[in-house]
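Both of the next two complexes hold chain A, though its partner changes from chain B to chain C.
For the complex of A and B:
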């Protein structure tokens, strides 16, 4: 059997693409490893237009319910490992099968790089966060640490200084890597303390985060820092190597698209955070998903 | 006069989304618009706005409004009439006030496209309408007609078929271009008849509309005619500014929703940004991007 469209990914971009494709009655298969991806980590979303306040999990559940109200085939818990060509069509291989489609949308999103230290997983959502835009308001008048002194860390800190009493920015290397302009802005607030040569080793707490332990890499001495929040901003990872035979990946692994979501291979589209679009917001990813599905619909129509 | 960081002109999905983002970024912003929700108010059903589904356009519009109120995003029900460039920003003249702002997001969308049918102006509001939610549209047990073949026309026909005795869809092409899901519903609705390859060329009636004349000279007795043939960009505001548009009048935007004039961004149906797909979700997405654009513009200037 040949599908009209295979959508890879079950975040806001993939789900929206699925809603649009199903409404166009394309024979569609959506394959995803998990639902929601990054947004499931947001305890409170206030910027999904039309919903005043909702948790990331509740919003993704509404989207899944919406998607499943249409006719669409779904394979959950499957990771796509290869994308290849077969004549005019494409072959999508996951860990238990190979599926053929006339068009493909890649919407696998990004995953935050983790530190892999004790406490990081345990206190996720309990003081450990990967998203300042989502979680900063919860740290009003509190002391927090940002791990990572690049632009992502600075951006995170800029979100935090609006609320937090004090923000430590901890960088592993000898100097901060973020833009000096941003650094200057942070310095002006008088709330930020910068520390370099810091290797964070553990996040501690009982119910919630209470402190973190780091090694000063110059003196090799361990220190404990009392903070109630730890924001990890050591970058995101785009993982689209499965598609690299057919699409162009940029230096950081994102799928290169034009403004209408086309990749370099006609018939393969990308949408959301996995693409090289600069904005990583739920509503923007969803908009991109809609555009990609409609572009795929046009592509299929023109092929007939 | 107070100077805002950002004034958003238009209060549809693009404008409200821009406002939500601007507010979250801490920008001092104001939304100016004539109708909160904009065109979605006229949509019978919205089934493709992710996560909020099975509701009418009006209900979705209410949700947008509630969100705007909840975040206390200032809104003024005014009609923007002129934008003047000045040092460090813009002045916006409305029908009631003058405002000043460092940046602007143009999000005033599109308006209903009119058709060049003989006598059409005479019957507007007297049997001819452009929106299916029009209160003046009396169709109970009557025969009515819808001109158009896209989603809006199909949706309206379905809505009207619930009350009307009969609904004609009159479309100039041989096949409806609505989503397959709507075409299916139309074909399954017994009291809808689609007249393909036809145009309405004239209207007749004493005071109210009574008859329409088709291009095959056939006359149909109907009591109401709904014209749903798409939209045209609202361009009245941007003429003097020199904002670049495409040949149809849609504002050309870059990836960050900026226009050719520094400090002015555009979002939603008024732009070329969504590959001409112009959906509620793409408008909302563009609103968010435009707000980010305005934020970056202001940060870089400081």
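For the complex of A and C:
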């Protein structure tokens, strides 16, 4: 079977693209590893028109429900690992199988950046976490470290101070980059210790995380910090290598698109945070998803 | 007997619970942010300090491992 369109990604861009494609009666398959991505971690969204205040989880659930009210095939919990050409069509492969379509929209968003240090992968879920809103409650009365002193790190620390006994915020650069207002809020809790010029080198433990090793970049000396949790908040990254045979990636791995969401290969479109657009917002991603679906519809019409 | 250990705001927990609901599978939804005893139980059973964890008739599933869940529940 050949689909008209395969959408890769289940965030606001992919879901909106799915809604538009379904309304255009395209035979559509949407494949996603998870729903919502980054937005599920937003405790409060106050800039989605029509809704004054809503949590990211509630908003994504509404979006999923809206999407599923249309005729669209969905594969969830699946990660796409390859995108290739087959004549005029495209082959999308996940761990399960290969699917063929006349057009593809890449809307996989961004994922948390990793440190690539020993112990990080090994202790994932065993003290290492990329999601404080998910896992903070596990660290009641424990000492934890947040890697990254930007707003993401400060937000992570704010989730953690509700539970943890002590929170270290470790920043690689010479100063914390996060907003002073958030920093003040954290200082007021009396639980937070800020450290700059810190290069984290290793996460250690047996069954669970027990400590981390860092180098003080001023003195070049190594130190060991006893913590049971390590929350990594060093920004987001684009990961679209699965498509690199057919699309151009910029220096930071984003898919290069034109103003109508076309990539360098006609028939492959990209939308939302995975693309090289400047501003990353839920409402923008949704709009970009709509644009990509409309562009794909035109592309399919012209191909006939 | 199926137990899902989760917290209110984690992406994979939502996906996992939606998946079970869509397949009309009943489960006990345990919010470990509100229940410390269940939290300890979850960590001991799974060796995990991250959610979600599902206990399907004594078999532990870590994260939203759709294939393993399908196999254990004999779906499809």
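In the analysis below, the second predicted complex is superposed on the first by the 187 of 304 C-alpha atoms of A that agree within 3 Å, B and C clash if a C-alpha of one lies under 4 Å from a C-alpha of the other, contacts with A are read in each partner's own complex, and residues count from 1 in each chain.
FYI, a contact is a pair of C-beta atoms (placed from the backbone, for glycine too) under 8 Å apart; a residue touches a chain by one contact, two chains touch by 3 or more.
Note that the structure is a prediction, hence the values are computed from the model and not measured.
Using the contact criterion defined above for the overlaid structures, shared-chain residue A:265 touches neither chain B nor chain C, since it reaches no partner.
In the superposition on chain A, contact is made by A:57 with chain C only, not with chain B.
By the touch criterion defined above, A:151 lies against neither chain B nor chain C after alignment on the C-alpha atoms of chain A.
In the superposition on chain A, A:195 makes contact with neither chain B nor chain C.
In the superposition on chain A, contact is made by A:20 with chain B only, not with chain C. Using the contact criterion defined above for the overlaid structures, shared-chain residue A:129 touches chain C, although it does not reach chain B.
Once chain A of one complex is fitted onto chain A of the other, the partner contacts of A:46 are limited to chain B, with no touch recorded for chain C. Put simply, chain A uses residues 133 to touch chain B in one complex and chain C in the other. Listing the residues of chain A that touch chain B in their complex gives 12, 15-16, 19-20, 23-25, 46-53, 59, 62-63, 66, 69, 133, 162, 259-261, 277-279, 281, 283-288, 290-291, 294-295. Within the complex formed with chain C, the residues of chain A that make contact are 34-37, 40-41, 43, 55-57, 60-61, 64, 76-78, 124-127, 129, 131, 133-140, 207-208, 229.
Residues 13, 16-17, 20-21, 24, 26, 47-54, 60, 63-64, 66-67, 70-71, 179-181, 184, 255-256, 273-275, 277, 279, 281-289, 292 of chain B are the ones touching chain A in the complex.
Those residues of chain C whose C-beta lies close enough to touch chain A in the complex are 7-15, 18-19, 32-33, 36, 39, 43, 47-51, 62-64, 66.
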